[in-house]
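Several structures are given next for inspection.
What follows is chain A paired twice: with chain B in the first complex and chain C in the second.
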Partner chain A sequence: MFEPAAPVDLSSGKYLKLWQGPQHPGITGNMSLELTTCGDEVVACKTHVGYLHRGFEKLMERRTFIQNFTIVCRIAVPEPTFNEYLYAAVVEELSGIKAPERAEWIRTFNLELMRLGSYLMWLGGVGAAFGQSTIYQWTVTHRDYILDLFEEMTGARVYHMYIVPGGVRGRLPEGFEDRARKVLDGVERLLMDVEKILFNNVVFKTRTKGLGVITKDMVDPYGITGPNQRAAGFARDVRRDSPYLMYDEVEWDVITGTASDTYERAWVRLQEMHQGIRIMRQVLDRMPTGGPFQTPLPNVLHWEVPKGETYIKAECTRGEYGYYLVTDGSQYVRRVHVRGPSYTHAIALMEKMAVGTNIADIAGLMVSLHTYPPEIER
Partner chain B sequence: MATPTALLDELGKRYTLSEIHIQRDDLLFLKVTKPQAVRFLKDLRDDAGYTHLTFMTNIDYIEDGRFTLTYMLHNYDTHHEIGVHVDLDRDNAEMDSIHNLWAQGRTYQCELREMYGIRFPGSPGLDDDFCLEGWDQIPPMRKEFDIVAFSEERFGNRPGRGSTDPREHMGTVMYPEHRDGTEH
Partner chain C sequence: MSLKDLISPFYVWQRAFQKPYTQKRPIEERPGAPRYRGFHINLTEECVGCGSCEAICQNHAIDMVKVEGLEPRNGDSGLRPKFDYGRCCWCALCVDICTARSLRLSNHYAWVTEDPDAFHFIAGTDAMPWNQNSLGYRRDDDYHLLTHDRIEMDALSPEESLKGFDEVMKGYTEEQALLEADRCVECGICVATCPAHMSVPDYIKAVRNKDWEGGLKLLYETNPFSTTCGRICTHRCETDCVLGLQGTPIAIRWLKRAIADRVPAERYAEILNDTFTENGKKVAIVGAGPGGMSAAYYLRKQGYGVTVFEAQAHGGGMLRYGVPSYRLPENQLDKDIDYIRSLGVDVRFNTRVGQDVPFSELMDNHDAIFIATGLSSPMKLRIDGEEHPRVVSGLKILDDVAKGQDPGVGKRVAVIGGGNVAMDAARVSRRVGADVTVLYRRRIEDMPADPEEIHESKAEGCHLVPQAIPVKIKDADDPNQVVIVWGEAEMVSDAKGGRPRPVLQEDRMHEETYDTIVSAIGQGGDYDFMGECLGSIEQKWGKFIPGAYQQTGVSKIFVGGDIANSTADAISAVEDGHHAARGIHRFLSEEGLQ
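What follows is the complex of A and B.
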C-alpha cells in the first residue's frame, strides 16, 4: 500500500533539503536522492533516476535479434552475463532452439563466477560505506582475478558477449579449470579474513544492526526479491524454485536470515558467496570437456523469430532478473522489457526506508540494498 | 492451492477472459477487459496467491491503434506466473491505478505515463519526471517516435565536420597534399 509522505514546510527553517548524488560514492551508480532533513534525521526522500538512460529497450526494437546481444550486456555493468543469458534464453524459447548440455554447464559457471565478482565489488562497497576502505581494496583485487578468468574465457573483462542464442561463443581454454580453482581458493580465504575483520568489527556491527529493517509485510507490496528478501526470512531463490540451466544438478543451500537489517543482508550475501563457490567447484568437476557448445542458428542476417511472448527469469545478486520478450514474426522484437530488481529496491523501497534514518547512514543503507541504476532506466 | 487450469475455470465464471495462452507449465498469458482488470488483479492477489507483481509494462500495437498493458504476477507457493493483458485505446490511453494494491505500482505507472503517455488517474506523483527531464517531444517509447530523426535534429554533426567518412576527412583535413591518392 502506498503511503504518502507527510507535508513539510521548508519555510519554517526547521528543515533542510540536501541532494545526495548523482556523483556520490555512497550511491551505487548514478542516481540521486533528494533528502529533506530535520537536524540529522531524514524526514522525506525522493529518488531521481535517468542519469544513465540510454533507451536500451527502444534501441532493441530497431535492431535484429543477433544485433541485440551486443547491447544487453550493458544494462547492468557489474553483471552483464545475466542479461546475456536471459536474452539468449527468451530468444531460444520462442525460436525453439535448445542449447547443448555443455553450453548449459559453461553458462552456469559463467553466471556463478559473475555473481561472485559482483558480490566482491559490493562487499568492498559496504565496507567503504562504513569506514573500512581496506576491505574494498582486498575485494576489488580478487575481483580482478575473476576478471582475468573472464578474459581467458571470453576475450573481454567486463562486457563479455559470450553467452549467445544457441549456446556460448567458445570452449574453455586449456588448463582453465585449474586456474579457476586457484582463484576460488583465494576468494574463499579472503572471505574468511573479511568475516573476521568486517563482520566482527564493533563499529560495523553498531552501525548496521537495526539499520534499514525490511519487515515481512513489506516484501510483496514493494516487490522485494533476492538477498533483501531472504534476509527477512523467506527461503525464496529462483535457482531453487524455478530451476534453470544446471542448478538442479548441483547441491547448495538457500541462505536466509531473520533480523532483516543492513548487517543481516550483508551476512546473507557473504554466505551466498560461499555457496556460489560450492556450486562452481561442482560445475568444474562435472562439466563435459567434449561435445558441441553451440547449436547452429538460422541465417542470423534474415532471422525471423516466430510470433509469441515469454518471460524468463534468473537469480542475480540482487534478486529476480527477467526478460519479457514479445515477437510478431518479423526480424525485429515487438517489445522487450527488462525486469531488474533495482527498479523496486532503489525507488519505492528506498524512499520508504530512508525516512527516519540518520543522514550519515543513508549511503550505507543504499549500498545494503545493492542496486544498479542502469537496470532501472534501461 | 488451485492448479492454473482450475483457477482459470473458476475465474472464467466471473470475468471475461480471452486469448488464453499457456506458454510453459509455469507461465500463461490471458486477456481481461479494462473495466474488470483491477478487480481481477486484486482477486489473483488476495484469493489465488499471486502476491508478487513481477513487473508491469506496455506493448505498442500502432497498426491496430491499441496499447496492451501487461501485468506479470507470480505465485510464490506454486511458482506459477500469469501475464495479464489489458487493451487500451492508443489515442486515449487511460487505466485505473494499482498503487493501492502494490506500493511499487506507482513507479511503473509514472514510467508508463512518461514513456507511452498512458494516464493512471489518482496514481501519486504520476506527472513527476521519471527518466526524462524537461522532455518536450512525444513519449519516446511510442512506435512513431523516430530516434534517428530526433538524434539527427538534436545532436547533428558539429560544424566543421561535414563528413563522417574517414577517407574524406583524412584527405581534406589531415593530408590535403596527398588528396590525389599518391602513395608515400
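What follows is the complex of A and C.
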C-alpha cells in the first residue's frame, strides 16, 4: 500500500473511504480499489483481488496435457489465444515437438486478430470511462465482427480452444481470407473515425493528458511492460526482441510515445491496432494454403512429457505474457506458473498512481493500464 | 487545444444514419458458424462405445451408460456416452478423440427447457431438438489425436524367406513396441472378443512402461502359450480393435510377442513364481497341444498331479506339426511347453491312448480326464480319383517338414483349400522349390486363412486361383504325375441371406497336370480310443458339444480344443484348457460341479 505523506485519521471527518468494485466497474473485471479520499482527491489506494480466483494453476496439475489446453483460455477472458499459444509453446518445447509452418502462420494471424479484438474492447472501455460511450458501441460492434471470424475459424466466439500443442485444430474455412480482409478494412475505417471523435476531442484530451504519468524510472522497478512502457518511450516488444511464430517474417513497427500519460497510452494502442492490421494483411497474403497444420502428438490419453522446465513469453495486448512449466516425466504438469502483465500493472502500479488523482478519473486511469483481474488470480 | 478539437467530435453524427448492427432476437435467429461447437450429436449406429470420449473429458461430463435395446456384442461395448450439460464446456476433445468418428457437435447453440433433467442426455439416442442438424464441429481430416497407422514389423523379404525356414517376422524392436503400444486407447473392447479374455490393455500398458516382467505375469494369468500366440494367434481382438475403425488396429499379437521375447526362459520361474502345494488328486490329459498343456498348467498351479499323454514325440500338437517354423520356430514353442513341464507336469510322449495305454486305465487311475486331441484326420475331397498316390494331405506335408523330412512334392504342386493349412502347405512347397497353384472354391476374401498368410503366400510366389472347384483326379501319362480336372465357379447369392455360394460352370472346365496334389480342405477328429464312453458324450458335425466348464455327459471327462469348439484355433484351445481346469477344480473340490 502506498502511504500518504500524512497519516490518515478517519475520525477527523476530513477523509472518506470509498470502494470502487468489486462489482464489475467497467471492463476492468472484478477487483476492488479501496480509496481514501479527501474531498474529491484520492489520498491513498489499496487494491483487493481474489474475487475471481479459480485456481487455474492448481487445476492444471490435475489434468493431462491435452485437457489443459481447454482451460488455459479462461485465464484472460478477452484474449484467450495468448494463453492457448503459450501453453502450446511450453508443452511443445518440453516434448520436442515443432508445429508445422502453416500452423505458425495461422497462429500468428490468430494472435494478432485477438490483439485487435482485445484493443477494440479496450478502446470502447477507455471511451466509456471518460463519458464517450458511443465509442464503446462502435468498437464492440467491430469486435463482434472479429468474434464472427473466430467463430468461423475455431468454432467458438470467446473460448476458442484452437491452438493446440502440435499445431492448430483445423484448416481455415473456405473463403475465410476474403471475409477477414473485409473485417480488417471495416476496423481500419472505424479507427479513423475514432481518431476524429475521441483523440481529437477536447473533453478527452483535457481529462487524459497528464493523467497517470508513468515516469521512465518507474518502468523497470514496477515491472511495466507492453504499451504502458512503450508509451513511456521504451521500444521494447517481445515480438521484436525475441521473435516467435512469424513475427520476424513480416514488416511492422514498434510504436513508442513520450508523454507516458493516459492519452499517450491510448494513442500508442491506437497505432498498434494499425500495425496489427498491417501484420494480418501480410499474413493473409503469405500464409500457405496447403500442407499439414498439426504435428502428430503421442497418444494424448497417456501422454507423458519428459522431465524439464521452461519459460516462454509472448507479447500480449497488455505486455509480456509468459508461461513457466515444470514437468516431471509423468502425464501431469508438475507446476505451471502464468505470468500475466496485470499482476504488476493492476496492484503495485495502480496503488501508486491513484494517489493524487480525482475520484472521477480513477476508472479511466485503471482502464488506461489495461488489466484483467482473472489473470492476476490465475 | 484547437478549434479542430472542438469540432471534430461532431463527426459522430455521420454514423447516426447507418443501419444498426443489432440483431432482433428471438425474431431473427442467427445460426452458428458451420464449425460452431454447439450441442452433441452421436451417430449411435457407428459408435462402438469405446469410451475414449469419457476418458478424455476434463470435466467428467461424459458417462458411458447402457442403452436400452442395444446389446453388447463383439466390437461394441453396448454403452453410449451420456452428457451432463451442467459440466460440459464444449471443448470438443470428445469429438477429436472419437475412434469411430461418430461423435460430433451441431451448430445449435441455444436451448431452453423447463425440465432440468433434460440437460443430462444420451446423445443420438435421446430425442434432442438438434439431432437432425447437419452442421457444426467435426474433426478435420488432417487433425488427429491418435495415431491411426500401425508400426510395421520388420520381416524377411519374400526372396530371403523362400530360401529356408527362418522366421519371417523379426519381432518389434523396443522402440517399435513402445510406439505401437502408445496407440492403444485402453477401451478393452478386445478383451471381450479374445476367446481367452486376455487383459490386453493392461499388458499393452506394461509394454509402454517397459515392464516386461509385469507384462509376462499378466499374459500368464490367461495364456501360458504367450510366446506362441504372440506369433500365430488368429488375433480376433485386432478385428474388433477400435483403432481399426479409422486406420489399422493395434498389433495386439505382436505386442504380446514383444513381451514374451524380452524375457529369457531362464527367468520365467523367478518372475512367474508359480508356487503350490500338492493336493493329492490326479488328472489325466490326452493331447499335449495348447489346450491340453494349458489345462495342465492351470491344474498344476492348483496342486493337481497332472499326466499328459501325447502320441507324438514332442508337445505342441498342431502348433508343432501343422504350423511351419517360418511362422513359429520350434524353440519358441518349446519355451512355452518347457516352462509348463518345469512345474512338474508329467508328459508321456510317444504314448497313444487306446494303443499304448488303454483309455480304461486313465478312467480308473485319475480323478478327472481332459481330452484335447485336436483334429488330425484330413477331410476327404469326395471326388473321383482321390486315392491317387500323388494326392497327399496338407497336414502330411507339414508333418514331414516339421520332422525334417523331404515332403517330395516335385516341381509342380496344386493345393486345394483356402485355410491356414492350405497356405502353409503351399508356402512349404515353395520353399522346397515347387511352383505352387492354390485352388479355392470361393473368393479370396472368403478364405478362412489369416490375411497375413494370404498376403505372404502371394508375395512368395504362390499362384492363388479363386472360384475353382475340383471335379476329378485322374492318372497322367507319367506315373509320377497326376491330372486334376477343375471347373470355374460363379458366386451366387444365397436366398436365405447366407454367404454367397460357388456354383460350378460346366462349360469352363480345366485339366492340368501336376507332380503332387495337396488336399487341405479341413480336418476331422478321431475319437475311437474313448470306446464306450463316446456314447454318453454329445456330438455334432464331428465335434463334441461340452456343457458348462467343458464338462461332458461323463462327469469326470472334460473336452476342449479343436475337437470341441467351432473356431479351432490355438487361443480358443488355451481358453478351453483354462476353463476346463477351473471346471475340474470345481468338480473335484467341495464347491464343485456334480
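FYI, the second predicted complex is superposed on the first by the 368 of 378 C-alpha atoms of A that agree within 3 Å, B and C clash if a C-alpha of one lies under 4 Å from a C-alpha of the other, contacts with A are read in each partner's own complex, and residues count from 1 in each chain.
Definition applied: contacts are C-beta pairs under 8 Å (C-beta built on N, C-alpha and C of every residue); 3 or more make two chains touch, one makes a residue touch a chain.
Keep in mind that what you see is a predicted model, and the values were worked out from it rather than measured.
By the touch criterion stated above, A:287 is placed in contact with neither chain B nor chain C. In the superposition on chain A, A:213 makes contact with neither chain B nor chain C. By the touch criterion defined above, A:49 lies against chain B but remains apart from chain C after alignment on the C-alpha atoms of chain A.
By the touch criterion defined above, A:254 lies against neither chain B nor chain C after alignment on the C-alpha atoms of chain A. In the superposition on chain A, A:152 contacts chain C only, with no contact to chain B. Of the two partner chains placed by the overlay, only chain C lies in contact with A:71; chain B stays clear of it. Contacts of A:16 after superposition: neither chain B nor chain C is touched.
Every residue of chain C that touches chain A in the complex is listed here, in rising order: 1, 4-6, 8-12, 14-15, 21, 32-37, 52, 55-56, 58, 89-93, 96-97, 105, 137, 140, 142-147, 182-186, 205, 208. Listed in rising order, the residues of chain A touching chain B in the complex are 1-4, 48-50, 53, 55, 57-59, 61-62, 93, 220-223, 225, 234, 236, 241-242, 308-311, 313, 320, 322, 324, 326, 334-335, 337, 339, 343-344, 347-349, 352, 377.
Residues 21, 23-24, 26-27, 29, 51-55, 57-60, 70, 72, 76, 79, 81, 83, 99-100, 102-107, 124, 129-133, 140-141, 143, 145, 147 of chain B are the ones that touch chain A when the two sit in their complex.
On chain A, the positions that touch chain C within their shared complex are 63-64, 66-68, 70-71, 134, 138, 141, 144, 148, 151-156, 159, 161, 167, 169-171, 173, 193, 196-198, 200-203, 205-206, 292-294, 296-302.
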